[in-house]
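Worksheet: the structure to be examined is printed underneath.
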Amino acid sequence: MKSVLFTAVGVLAITATFAQGRTDFPMKPEMTEIWDPEISVVTPGATPQDAPADAIVLFDGKVIASEWTNDAGAEPGWKVADGCVTVVKGSGVIKTKRQFNDFQLHIEWRTPAEVVGESQGRGNSGIFLQGLYELQVLDNYNNRTYRNGQAGSFYKQYPPLVNVCKGPGVWQVYDVIYTAPRFNANGTYFTPPTVTVLQNGVLVQNHVALRGPTEYIGIPEYFEKPHGAGPIILQDHGNPVSYRNIWIREL
Amino acid sequence: MKSVLFTAVGVLAITATFAQGRTDFPMKPEMTEIWDPEISVVTPGATPQDAPADAIVLFDGKVIASEWTNDAGAEPGWKVADGCVTVVKGSGVIKTKRQFNDFQLHIEWRTPAEVVGESQGRGNSGIFLQGLYELQVLDNYNNRTYRNGQAGSFYKQYPPLVNVCKGPGVWQVYDVIYTAPRFNANGTYFTPPTVTVLQNGVLVQNHVALRGPTEYIGIPEYFEKPHGAGPIILQDHGNPVSYRNIWIREL
Amino acid sequence: MKSVLFTAVGVLAITATFAQGRTDFPMKPEMTEIWDPEISVVTPGATPQDAPADAIVLFDGKVIASEWTNDAGAEPGWKVADGCVTVVKGSGVIKTKRQFNDFQLHIEWRTPAEVVGESQGRGNSGIFLQGLYELQVLDNYNNRTYRNGQAGSFYKQYPPLVNVCKGPGVWQVYDVIYTAPRFNANGTYFTPPTVTVLQNGVLVQNHVALRGPTEYIGIPEYFEKPHGAGPIILQDHGNPVSYRNIWIREL
Amino acid sequence: MKSVLFTAVGVLAITATFAQGRTDFPMKPEMTEIWDPEISVVTPGATPQDAPADAIVLFDGKVIASEWTNDAGAEPGWKVADGCVTVVKGSGVIKTKRQFNDFQLHIEWRTPAEVVGESQGRGNSGIFLQGLYELQVLDNYNNRTYRNGQAGSFYKQYPPLVNVCKGPGVWQVYDVIYTAPRFNANGTYFTPPTVTVLQNGVLVQNHVALRGPTEYIGIPEYFEKPHGAGPIILQDHGNPVSYRNIWIREL
């Protein structure tokens, strides 16, 4: 990068006043090269949506029971067909057998093509990170609801930056970068969970700091019990929402 | 989300001790709904790589001179052909006419199919955010260099989390979420620039805080002059690196 | 510091694995010395409680009207006597004529020697930073109230780490380090206000990030209008609380 | 605090646009009171410089060997007299037997009344937090040195905000609020150490994030080995600097 940088920022550099290092002891370029340890190689997927080599594929479109259970630890009651898994009303959540801390998650979802209900009643499901923090799944295409409860929100904590929903029956994508909380000895957060989310390639959550586990009622800020790794949980809210191409990378 | 959440986190909830709100004054679910202002609607692209409706398309594969100049403000000397723009050695940087603060940037790049040189000499270019902070572009497929100077690094500041490079002649993708610095009155950072980068869909920079403008020599931490919005600058390092499908969303 | 450091951390250094700089290009100690600009000299007070030379003395025990007004901009109705200023019930708040952004504040306060009332009714006043964020003043010596409303709390946002109150009629000290919020264009916080507070020399708030302006009712997190510099406001809550030795340093 | 707040911020409130909660479901004040768990009571010292009841007194002016050793684990070679402990040249560091994580530290120090030497050679000592991070002690009263090496600096990392030194032979005070780093599995910082320092009651370090263990030569940012709790170490730099009234509170 050496040859052109100085031209590029030349105008700024002329007017800038730097805190001066000692000009009588100049550094050499090599002094700021760090060679070890070597960075690990990971083979990327064919497209950014495809799982890279170091990802755990949580659902490849065919088998759900290898990586997921229902809430009682038994085989999920959801329906697998046509390369996706779909909520069966009343069967309850499904959750990963594995537990995760910090991770990058890719997940694709589709609300029903047949539009039924309104506000929170239309195409409602949700993705609980570490089993506690809900990234809302909802059909918000021409369907108004409260801003902190719509698709792309962390339910009742952070509304999405924009409503970038595709329509009913169309596949959508969440890419999630999640950093788990660290705890103080007394059970409060030392650092809260932080999350960045892209929906259909568009930023909807920009490194937000969650307040506490998702609460339907009340203020979610007063968690007094540390938690460790947790599963990904997909919610049965009674609507036949579908999921596919779910992969995760532990960070 | 109301019906199933309590089941989902039931086991945890039983053992958790919350700091108690007054149980004699229970809240209602509606009290934590926020309806206004309504979230703006943005139509996403067909795939996450396609520009959404609110993006500025900086290069669509055809015309470079509408949005870019060379360092002297004249028409770029780079070559546009086959849907991409390619460095012409010695023609210098190209930079956007527009200036940006916080943004989400999508940019695709390709190092030369013909492998020439090694370490920093192979397929070297770079993307300067706000004209000052270099996200390295380099052919690091089977090409070792210093860890803080390889593709996906912020040059001499942050190595990438993994080396997820595709090979020479293959298109690669950067998705960048950039928050510009804010300054104190004395010209030091009040908050430093922070950046998250996905390379080929894989996280390589996780909300890192930059130390200062990229420096080839010395320590990049002592910037004493505030800067405002700045351009995207693409570097001519002498190698025929190509770019395509460049779009940006102001945040 | 050079001669003994290596002995001091010798045991740790032996087992540590550092990311290596190039050993063939060693640095010299002088390369990391920064000489300019020279640090400004400030003459400290005789004790840490005394105003240093660069402080604005907001109240020296004698005159209140030079730096303070009541809420209507007229002369404060509080009583100045015996080197302190005391709330006169019903006269309303007093506030500084000056407006502040980031600052270090020293303020001493005393709740009435005669104990009257309980919970929030005993020795209640408050210090509003930038006129919006209340650091609670209350007699909590053998007087229980809700944890997020007691002395040393940011009212209904952050309880103090410990209850380090002195008794009724005894002077107490707050030392406050306050960083004002910065705002996004849409009026939300880019960075929230952050505050550290020592009460009687003991840490009671450790760099907490405020949620929004203090609210008596509801959730204080949804401020949608940027604010600039603001005054220090002292509250008339109906109890004859006294203040003295108030000084502030702009940061 | 309820009665006067609304007056105080009335002007601002009129022009502010809040994100609206549902006005048809108003909250009550009691809903945001948190009563449990009760905040612990700590008896403060007589002045803010005096140890509160929950502090560990590391040096009370009389005995040094109960809480401190030299670097070899034997009795310190420094001299205790007149209520303080003084560096004996060549005897090496002294360090606490106890190990600390997050803490609040109060320590008083005095450089020699007889002025000898200049720059780093005058009244030099240092306080190593967790045995690794040096808060510089130096006589910088009319004694210029590099800004990132003077009293109140974190050596070669952060200069003090101001030079608030008292003269040779005069006691000075540091109040330090230290949060230990947390580590990633690979040995890098998850969160770096952060520190706030008041010197003689004046803010000199405002929640700075340390780069790594203090280095005399080179860049202190590439620590690759987690460390746990560590001692307070006082440096023998060859000058007869004195210390007294040292107490610490674990956070």
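We just call them A, B, C and D in the order they show up, numbering each chain from 1.
Methods note: a residue touches a chain if its C-beta (ideal position, glycine included) is under 8 Å from a C-beta of that chain, and two chains touch if they have at least 3 such contacts.
These numbers were taken from a predicted model, which means no experiment stands behind them.
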item	value
Numbering shared by both copies at the chain C-chain B contact, with half separating same from different	same
More contacts between chains, A-D or C-D	C-D
Whole-Å gap between the CA centroids of chain C and chain D	18
Mean-CA-position distance for chain D and chain A (Å)	38
Residue numbers of chain D (touch at least two other chains)	19, 21, 26-28, 31-37, 147, 219, 222
Chain A residues touching chain D - in the complex, by the definition given at the top	19, 32, 34, 147, 182, 190-191, 219, 222
Contacting residues of chain D [partner chain C, same complex]	1-9, 12, 15-19, 21, 26-29, 31-45, 47-50, 52, 54, 71, 92-93, 95, 104, 106, 120, 124, 126, 128, 131-132, 134, 136, 144, 146-150, 155-156, 159-166, 173, 175, 177, 179, 187, 194, 196, 198-203, 206-207, 213-219, 222-225, 227, 233, 235-238, 249, 251
Chain D to chain B touching residues, read off their complex	19-22, 24-28, 30-37, 219
